[in-house]
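Structure incoming, see below.
By letter and in written order, the chains are A, B and C; residue numbering begins at 1 in each of them.
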Amino acid sequence: MKTSEMKLVVIITEDELEPRLTKEILALGARGYTASRVHGEGWHGARKSEWEGENVRIETIVPEPIANSILAHIADRYLPHYATVVYIQTVSILRVEKFT
Amino acid sequence: MKTSEMKLVVIITEDELEPRLTKEILALGARGYTASRVHGEGWHGARKSEWEGENVRIETIVPEPIANSILAHIADRYLPHYATVVYIQTVSILRVEKFT
Amino acid sequence: MKTSEMKLVVIITEDELEPRLTKEILALGARGYTASRVHGEGWHGARKSEWEGENVRIETIVPEPIANSILAHIADRYLPHYATVVYIQTVSILRVEKFT
């Protein structure tokens, strides 16, 4: 089974940011995303009180340069203003053409 | 703390496939799975219009040969017909006997 | 984009354990966590019959020594008594000071 390596970017942030953030992720070159409702505590951002409510976990699989663009975008527009956690991992995938 | 390495297989696909797919994963040798409701956009498969609705995210932890069997099964039976994303990662686990 | 490596700890266990377990995770040094409702089958622990119901998936990002403390705690207090899966991965994060 031939697999390729890509980057998985996971963003956990305030619920109401989902429509805006997913649009931006697609505009930065992601070919899709998966989102789910989560909840949590801590990792306080600018609006701590809102973090301890409903949040969204968004994941996307992208080539490394797009992962870096998403990271830079999050660092610039989200981390200073919203309770946001972002992390990156390497994943092995089938059908690389789906993600590039 | 003694840990062992295993493969985490994550499959995101159409909601209604969950009962069939999880049965197949167990038949291929997985000892368990975890599933959750997710939603998403893009990564279009054969039935694009259905992808942008409710989806399921299934994860299982298995030895590498079983991960490869699951991957081959997905490539053969799901990727050509359904909106499906699959990826594999390495994880460190406790109690290897639980997964083998 | 400067990133740092940290450990992602994922715990899947019985729903009703969430308040206790997340409190313990924070007491062991985690700065936050994210939780979501999941369901599953298999990976039987002590109370098999309850595993096939509602479960919770808790993830936290911590420095390696804290990941090891969490793992030891789970091995000691949860694995022998509850249906529990725990795994660890390495992730790249922004803003290391958020997690330490």
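Convention: a contact is a pair of C-beta atoms (placed from the backbone, for glycine too) under 8 Å apart; a residue touches a chain by one contact, two chains touch by 3 or more.
This one's a predicted model, so the numbers in the text were calculated from it and none came from an experiment.
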Superposing rotation of chain B relative to chain C, computed on C-alpha atoms, to nearest 5°: 120
Same-site or different-site touching of chain A by its copy chain C, using the half cut: different
Computed distance of Cα centres, chain C from chain A, in Å: 20
Chain A residues counted as touching two or more neighbouring chains: 36, 89
Parts of chain A lying in touch with chain C, wherever the complex brings them together: 10, 12, 36-44, 55, 57, 68, 71-72, 74-75, 79, 85-89
Touching residues (chain side chain A, partner chain B) in the complex: 1, 3, 6, 8, 22, 26, 30-36, 61, 89-95, 98-99
